[in-house]
Amino acid sequence: MSSTRRIAVIIGAGPGLATSIAKQLSSTHSLVLLSRSLPNSLSKLNLPSTIPKENILALSSDGSATSLKKAFEDLKKHWPNGKVDIGIYNVNQSFGLRDFLDSDESQLRAGLESGVVGGWNFSQSIIPLFLSNEPDEITGARGVLLFTGATMSLRGGAKFSSLAPGMFARRSLSQSLAREFGPKGIHVGHIILDGIIETDRVKEMMGEDKDHSRLNPDHIAQTYLSMINQPRTAWTQELDIR
Amino acid sequence: MSSTRRIAVIIGAGPGLATSIAKQLSSTHSLVLLSRSLPNSLSKLNLPSTIPKENILALSSDGSATSLKKAFEDLKKHWPNGKVDIGIYNVNQSFGLRDFLDSDESQLRAGLESGVVGGWNFSQSIIPLFLSNEPDEITGARGVLLFTGATMSLRGGAKFSSLAPGMFARRSLSQSLAREFGPKGIHVGHIILDGIIETDRVKEMMGEDKDHSRLNPDHIAQTYLSMINQPRTAWTQELDIR
Amino acid sequence: MSSTRRIAVIIGAGPGLATSIAKQLSSTHSLVLLSRSLPNSLSKLNLPSTIPKENILALSSDGSATSLKKAFEDLKKHWPNGKVDIGIYNVNQSFGLRDFLDSDESQLRAGLESGVVGGWNFSQSIIPLFLSNEPDEITGARGVLLFTGATMSLRGGAKFSSLAPGMFARRSLSQSLAREFGPKGIHVGHIILDGIIETDRVKEMMGEDKDHSRLNPDHIAQTYLSMINQPRTAWTQELDIR
Amino acid sequence: MSSTRRIAVIIGAGPGLATSIAKQLSSTHSLVLLSRSLPNSLSKLNLPSTIPKENILALSSDGSATSLKKAFEDLKKHWPNGKVDIGIYNVNQSFGLRDFLDSDESQLRAGLESGVVGGWNFSQSIIPLFLSNEPDEITGARGVLLFTGATMSLRGGAKFSSLAPGMFARRSLSQSLAREFGPKGIHVGHIILDGIIETDRVKEMMGEDKDHSRLNPDHIAQTYLSMINQPRTAWTQELDIR
């Protein structure tokens, strides 16, 4: 780690993929973890004890502009000289397939909030911080902003009428920001997770993954890290993981 | 026209494409036109005098569930024995390219409301009416629901961060509804308009279209009609017009 | 029909979709039908007796430049004053799913020949004829060139390693020609048939289509006709039929 | 390196990207380099002297089944106990934009040969070798097969009518092989290079890349390596680099 503290902010911080990403980044970055239930639920993330507690800051945010403004102010107070150069928008759709005519407008709206509004607000908070950075000596990036996507980011489906719109919209946001801020040195990427992530909960419910069809969160996180380490002259905007 | 009055509902009814679609449908259908500014602005639509006034019902709706509920109640009161079998969701993004960091969350939200929430509410109102219809004798459809899309439904772009999300989301909604209700006899389609529509206002601002690069609204409407007339065994879910 | 004889050329002329397209066009166009087995197999096409025999010219072509050159020369001799303004490239992949390691290079090559080489040669023959036409009075097109595609034009699949490449390539050809010749008044379109076409043979093998899941060739042809009738200011490059 | 010699085969071996990939792999793999002009042109590849000469085998192949059969036989004679577990299909379209009507069928055919036929033959040679491997201890893969793509793999364009078909077809091949052999432990990926690769020749012709818009081959190769190192439970089928 250079003498300046580097900071990665992960929103949608739960015990699956976000924790795996946090582990990958912990050797180079201090971590700011955001979710609705944090900091109370921090112990449930199962972060390894090898990450020093003083390198983790857990804060509450529901993705609203207000809560994010507060969180980034807290971050700045906590580590006033830190350099925020990674942001991960990893908020899940609260999953629930549903017949369209049994659905309520509030479900569509919840899907849009977690799908895109939170990501838009998160980008509004973090991009100005990126723009104030010098380009990274190795990658040339002022900052890296990654969005987690899903199969339903690409294709609608029966019973996905309230879930897919927010994920399509998230993908569109990642593309628009990549085109606007790529020339300014910000790497914006979108990762399409095409499959079920293996977690303790999935294992309980569905048994062992005998045919290697599930996605391992540590292995997914390895690809997030690869994208973060891409030099400016060879950035990936979108990839799938299956 | 058969002895039962057939009714087409067009939301996003302005003097451009919606009026052209209305003209195409007027020989077979009574028309319900919905927009924020209707019925006050009806004269601005330039509907030809050949459409009998008694076959047009102009109502106000901003796409909210409440306003749509009211509009469909008014429709039912006005034509209690009518058969609603066409719906067109033609609401435009109130166009405005904007640097992301000069944008306000309210602009994203406005884009989502017109992009997808209004379409979702419109579908909630109209699909149950479709499901109560017998299949059309010629096409086999119980109803046809068409969504107007745009180039930004497919690709984000610099300065499109508040506009494109709602249009991506609309496309996703059309796909999800097509898969869910196609097997039930409802034809759901999405038309991607890849270009500028020629209107009086565009002509004033940009002059004549010497190189045939603009889209003619009457000609676009011809393709809406073609989709409406497709038999069930050969439905188009998506097409582009350029 | 105007005083000038209008001619449509359909290659890949079999008893299914091509015959349906021929029927749709027969009221306005004389028909040139091309396939490997024509003119011998003409009776198998089941063309209705309402099409005057003198309006049909059946010729042999395997899609090679040589055979197409000959066919277009024969056409010109047969109808020296005709105006060729429609071309349909409807050649099928000779279907055969196959494990990759059980496949032979000749199968890939056959897929490329029917998938794209024949279409490229067909376009080389017909586009110069289009360019010599005046724009159509109604549509503004000098000619319309439509390519039949399939689900495998968009997605590879296990056992499709010899079949899909030619269909992807055909789609690419349609896009390239649309961009190059659209500005010159030629409408180039691509129709993705996403499903099984109902034919006598399919009915025999698979029984009745009880759930409306098969595509009806007459109904597909209706959409080919709609594309042909699109005015220049609102052309569709690609649509799906499902 | 484990006690078994691991071998990577790169076809389309030139002084740009292929050399960069070779450098990335040279610490773990012996290299088999294939191209039309090899082994004669080996010195032009500018491979660093840090790669031991005895770890490089340069062979001639034009992508034909015959030449590839010969090359893989030579490989087996040269390193009889080696384990081939990486294949890179990096053959370029011999670039040349061309008006369609000034093009010759032989140009389309050349595009198909390099675009997809060579890749199909290469896969026929290398996949059986992969299938005979035990899964890699770290990644779980029996082999990794990567195809280099381009912007024209996704979109046709005016003057691309002979170039894009082969690249669309290559993408389709990668998808079909991924679906067929993924379940058998073979990782098949497709990398879309969306931009001009910076090489000495490009620098000479176009000057310095002042706005970071060109792709650096060493940096692209870093992403090839990341894909090769992905564990089986999180494989990328396709990504872009821009």
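In order of appearance the chains are A, B, C and D, and numbering begins at 1 in each one.
Just so it is clear, contacts are C-beta pairs under 8 Å (C-beta built on N, C-alpha and C of every residue); 3 or more make two chains touch, one makes a residue touch a chain.
Everything quoted here is computed from the prediction, not taken from an experiment.
As for how the two copies chain A and chain D face one another, over half of their interface residue numbers coincide. Here the CA centre of chain A is 32 Å from the CA centre of chain D. Mean C-alpha positions place chain B and chain D at a centre distance of 47 Å. Residue positions of chain A touching 2 or more other chains: none. The touch graph of the protein chains shown is a ring with every node of degree two. Inter-chain contacts, as defined above, occur between A-B, A-D, B-C, C-D. Against chain C, the residues of chain D that register as touching in their complex are 65, 99-101, 105, 108-109, 112, 115-117, 120-121, 123-124, 127-128, 152, 155-162, 164-181. Contacts from chain B toward chain C in the complex involve residues 140, 182-183, 198, 209, 211-212, 214-216, 219-220, 222-223, 226, 229-242.
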